[in-house]
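Below are two complexes that have subunit A in common, paired first with subunit B and then with subunit C.
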Partner chain A sequence: MPYCFTFNGILPHLFNYRIDIIMLQNIPQFFTFLLNGILIGGMYSLFALGLAVIYGVFRVMNFAHGEFYMLGGYVAFFMWSLFGLPNLVGVLAAVGAMMLLGVVLERVFVTPMYEKGGEMYALIITFALSSIMWTSALLAFGPFHKALPYIFPGSVEIMGVIVGLDRLASFTVAVFAVAIFWIFIYRTSYGKAIRAVAHDKDVAALMGVNTDRIQMMTFGLAAGLAGAAGVLLSTTLILDPEIGQILIIKAFVVMVLGGMGSMRGALVGGILLGVTEALGSAYISTAYGNTFGFILLIVMLVIRPSGIFGYEMK
Partner chain B sequence: MTEQDSNTSKMNGEVRNIIDISRIQRLFNRVIDTTKTKIAFFTLLGAVLILAPFVADPYALHLLIAIFFYATLASSWDIVSGYTGQFSFAHASLAAMGAYLFGLIAINLGFPVPVSFLISIGLTTLAGTLLGILCLRMKGIYLSLVTLSFAGIFLAVVNAEFDLTGGTEGLPIPLLFGTLDKLPYYFLGLGILVFTLVLKQVLERSRWGLKFLAVREDEYAAEIHGVDATREKVLAFAISTFIAAIAGAFLTGYIGRITPATMDLRLQFRIVVMSYVGGIASVPGAVIGAFLMRLVEEYARGFETASFIVWGFILLGVFFFMPNGLWGQMKEKLPKIWKILIGAKSE
Partner chain C sequence: MGFQVRLIRSEYFQTSSGELGMEKQRLLVTVAVIAIIGISSIAVVLFMSAPTEKTEVVIGALGPLTGPASYNGEEMLRGVRVAEAELNENGGVLGLPVRVPFEDTKSDLETAIAIIEKFKWDTKVDGITGFYHSGNILGATSKISEYQIPTVAPITWSDSVTSQMNDYIFRICPTNTLIVVAGSGQAAVNMGAERIAVMASLSDFGQTGADVFTQYVEDAGLEVVIRVDFDREAITFYTELALIQAENPDYLHVHSTGRSTMLIKKQMAELGMNFVMYSADGIIGDEAVVLDVMTEDEVEGATFATMYVPGTNATTETAPFVARYKAMYGDREPHYFALHMYDGVMALADSIERAGTTEPGAVVTALEALNLVGTRGRMEFTYTSANPPTNLTDPLDTLYWHQWTPPIMFLQWQVLGGNLTKVLIYPEALATGTLMETWT
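Coming up: the complex of A and B.
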């Protein structure tokens, strides 16, 4: 019989294990996977939050967001390798650097192009910027992975559930960052201005909001969030110049899952993606780890294209 | 019948023949305007292309074959993205699918090469059509995301099932003609490209093409005017995938091996640039773009990574300053030369 005729012969790596047996036999293991998924998903959420905010204000999918992640990671790496600064300081440095970069890019490229041709132009601009950034990083830093130092090495075991301390710490920092951002958006006047511009730019301008400055600020903040995610997640995932491309696709999946432009959607979608990937990799197949996000995306687009929270402007 | 009647019927027979011929001629003229200058131009071009493999060196031939491939693939992308406005990221993967299926069927199932070729193209076209059906209710970025997901899933499957597909090392593919001699591949590639271009020309000049463009511009308005947008979109995907699969299977049948890196998203990016530079939604656009870009890439041999930055800038530039691409610019800025090439009598 030809090799490829049986289903498991065609795709032998698709179903490594039998799900029911494994899941039920080892409940703490299930929670380990689940928790890991939530922790990583939290960082996806941090990353996608910035993208959601940019979408809300600019109505543009920022293709270059992944590159902010990547560059943030590299900033922290160099802070550590050149100056020996610990990772937490690296986070602050990355956030600062990315905020600056975001503001500059927004002023120089995004707004002028947006004014020239609207959303399509801005989309293509971010796409081109993304190619330019990751290719430049590839030339500058080389194609090999870099590894960031752990914040707290080691792992902890609670009731049989094993959790890496570093991931827990990264997740905590991410939650902290999201909380600060959330307070900023919902409790300060600048935040209110951002929400107003996202809702309706022209009316906000009529109400006396300096839309230029708000756009600048939004892009910068979102880039900062992406940079933070870059540092935090790079201790777990690899860091190389092309990681931005992979992350941006994950962020798109998160956005579609949660609903375009919805901040809550970005948070929930990120966790959902993280959990799906973790459980899928663990129970269905490790080799297909990345595809579970895609499959979830397609399922979501067929069932409920507007995402979990629908299309909402905060 | 009297002699007169038979004469009349003979005459009627002749008239009928004349009408039949002129119907074909009319169809031909509707699709391709023929003028003496144009006939001369294309005859010259044809002669050059046909004689080239006998006088050129093998590397130039290899380059030309590659250009045929890129032009065909870019043209196929153009059908679905330029004409119906469904910006697809899946074409490089569809070509790869055609190639992988060709290799797998030929090796594992042992069918002869031409049969495997046809089967793989059929299966890939089916997959592409299903993708098109999946994308029916989606617009803009969602559609692009789904096609991107397809590409991602395909790449993951290829990498994961390395016992079957050879993983990063790749799959050896039987050569289409069993020889390393470039001649048959050159003519096959040229034939495929000509077929694609004729298809696009028919598409552009016929009611069919008008329907595609209508769907691109405004789907609802098109539906009001009786264009079945669903059918046209899926049809666009089907035709486009068919050509992409042929291109993919052809190229790997020539090279002899396919790896995931050969036809990945970088290829997709390059064919997008080729199409935009040459001119989307036009017949010669993809060919011009493929030709120019491949030549430039030859000079940028050691700088492939850096060249992507340049392509990024070029895509930006084209998008802002020349959205119709080079062909569109020629139409606007050099109408006389354009008229010669088009052979337009009435413009």
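Coming up: the complex of A and C.
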């Protein structure tokens, strides 16, 4: 009986599965795990993308990113439960609300702290904001779990693997979001201004770029992205005040894997993390699913600390 | 500054050049600071140890208000608030008002132990109820014994909580063994399940419960084809469910708590896994909660054990409790966690009243003689110091030390006539339907 594999049992089981794959006996099952890992990775990417954008401009890890995700989900939940509005309207409302909140927090807390004490101060203030936001959400909404109704109900079979349509949709959105952002950053004048601020804020200001506005809009944009992710993923995952605290850890790992401040890295890093966790769980032990991602993180830090794509905002 | 110089200027501290020796100054300051701290500490200890006249009876409560089991913690909090209000309306205990401070364990053992310390030295409780996680109460057992705090555990299910035969710990809820025997194990055996899968969270509750279930069904001649363990913080289970699906089971036993059980059922439905799924966490039996997370189709087929079914009144105390709960909270039926905690507070209050004192030894003696009608039945303990277990080496006998087990019911969500309904499967004498093994 296959069971929670202990360390002593890893090698024989790995050997057995490797033989199975070589003998083509378990290819369908391998594909199941791989596809599930890719789709889960897409979820991570969708969540991590906004974080990558903020780091790209501010060089600051935004600890409050998970709370923008969570609050975005709640905005859509209340739109649906109180007014009966569909999730697609909820996405727009979540994006708008989180952009506004992001702009306010950036103006009032993040940038002043950044100017006062640099990246460390800004990091600390985002950590404090994260605690305040999720505690406030816990008091306001209670610990009771919620979920949003499916945007695309039902499942589809892909080469023998059953996949929920919403999961497929969130992966598709993640890919498109990265593509759109990449085009925006590298093919528009506004994107050029963002890259200029990310590269050297003072020089950008001297060149006539309104750096305050760029920072404000970037933070708001990233918060809006997180809010959208909160809606799209809350149909499949559970929504509660603490969900952001769980996902932010994944996002940090994704960023390190893909490259800090890299949008392509957010996508590839997310998929890499999802696949690693899925295959590690499937072939070594489900008990240590999260551990495999951290092992990969350590390996990446050792062999390529800049991540797969490195820092891209230049 | 001048005063300080005069204070320490003496021949002893002056160097040959006439200046004050810096090292000797530092030494004097250090000694002075240590002396001040030492004297203050002694004063604090003496103050805290000094007997003071009691102005209230304090029953400490603790549970997970944050973390993966926060929903359950909220219900626990509500239960103690109902008890506290009722006791004070009826004159309190020993003629004194009752206070039930509730502390958040955050589902963390170190935090739970810190709370015990606080209850002992700061809050000065006369008894404790709560915990929720068996690992928390087991880890805190030595402190409970050291501080001699009468403790009633209303929700911790590990057999060890009572089989360890601690003098100060009492339990008024099922154990893992009993809940499995009366619930999921019985269902699997009666169904004649041929291929059983087991999922368990990496927690004290998950691991011990899954072990008990596996042992029970294997002893009954059934086969467990796969066991999958998972991190209790996990939010996606597609890999785990794919592993299970590959074994083609006809019964899934999930021993976990909090959000994971609902996510597992939800993701099972997405993957088209329509066979019996038992959730050890009674949360899946709360309609108001599950329908905020899942659709009716996704909930269908989930089975669970409970000690309270809304609309049923196990005793004369059940309906008044429910009425008071709704008057205070209004939004939903109470979950059995609330009833358990209410009974925990009432058991302690009753024992303190009968003892006529809050002295721990007397309260423990009174607890051992408990004969109180609670919301789920008449609470009295099987084995006590006056009636010890007959076989001290058999954990299935010592299990009943300071143990009272409420009636256990086994239910399944079924869609009947287009309506999602909780169908009582066991005990058969009360059954309103039969177990649905598969569905489309």
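Following the convention adopted for this analysis, the second predicted complex is superposed on the first by the 278 of 314 C-alpha atoms of A that agree within 3 Å, B and C clash if a C-alpha of one lies under 4 Å from a C-alpha of the other, contacts with A are read in each partner's own complex, and residues count from 1 in each chain.
FYI, contacts are C-beta pairs under 8 Å (C-beta built on N, C-alpha and C of every residue); 3 or more make two chains touch, one makes a residue touch a chain.
Since the model is a prediction, treat every value here as computed from it, not as a measurement.
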item: Room on subunit A for both subunit B and subunit C (clash or fit); value: clash
item: First, second, both or neither for A:L138, with subunit B first and subunit C second; value: both
item: Partner chain in contact with A:A282 - subunit B first, subunit C second, else both or neither; value: second
item: Contacts of A:A128 with subunit B and subunit C, given as first, second, both or neither; value: first
item: First, second, both or neither for A:P86, with subunit B first and subunit C second; value: neither
item: Touching partner for A:P112 - first (subunit B), second (subunit C), both, neither; value: neither
item: First, second, both or neither for A:N290, with subunit B first and subunit C second; value: both
item: Superposition clash, subunit B against subunit C - the stretch among 258-266, 276-284, 312-320 or 330-338 that is involved; value: 258-266
item: Residues of subunit A that lie at the interface with subunit B and also at the interface with subunit C; value: 2-4, 138, 285, 287-288, 290
item: For the subunit A and subunit C complex, residues of the former touching the latter; value: 1-4, 29, 32-33, 36-37, 39-40, 43, 138, 142-147, 149-150, 155, 162, 164, 167, 236-238, 240, 242-243, 246-247, 277-278, 281-282, 285-290
item: Parts of subunit A lying in touch with subunit B, wherever the complex brings them together; value: 2-4, 10-14, 61, 113, 116-117, 121, 123-125, 127-129, 131-132, 135-136, 138-139, 249, 252-253, 256, 285, 287-288, 290-291, 294-295, 297-298, 301-302, 305
item: Residues on subunit C engaged by subunit A in the complex (per definition of touch); value: 65-68, 70-71, 73-74, 202, 224-231, 233-236, 238-240, 242-243, 246-247, 259, 262-263, 266-267, 270-272, 289, 292-295
item: Residue numbers on subunit B that touch subunit A, as the complex places them; value: 104, 108-110, 134, 137-138, 141-142, 145-146, 148-149, 152-153, 156-157, 159-161, 163-164, 269, 305-306, 308-309, 311-313, 315-316, 319-320
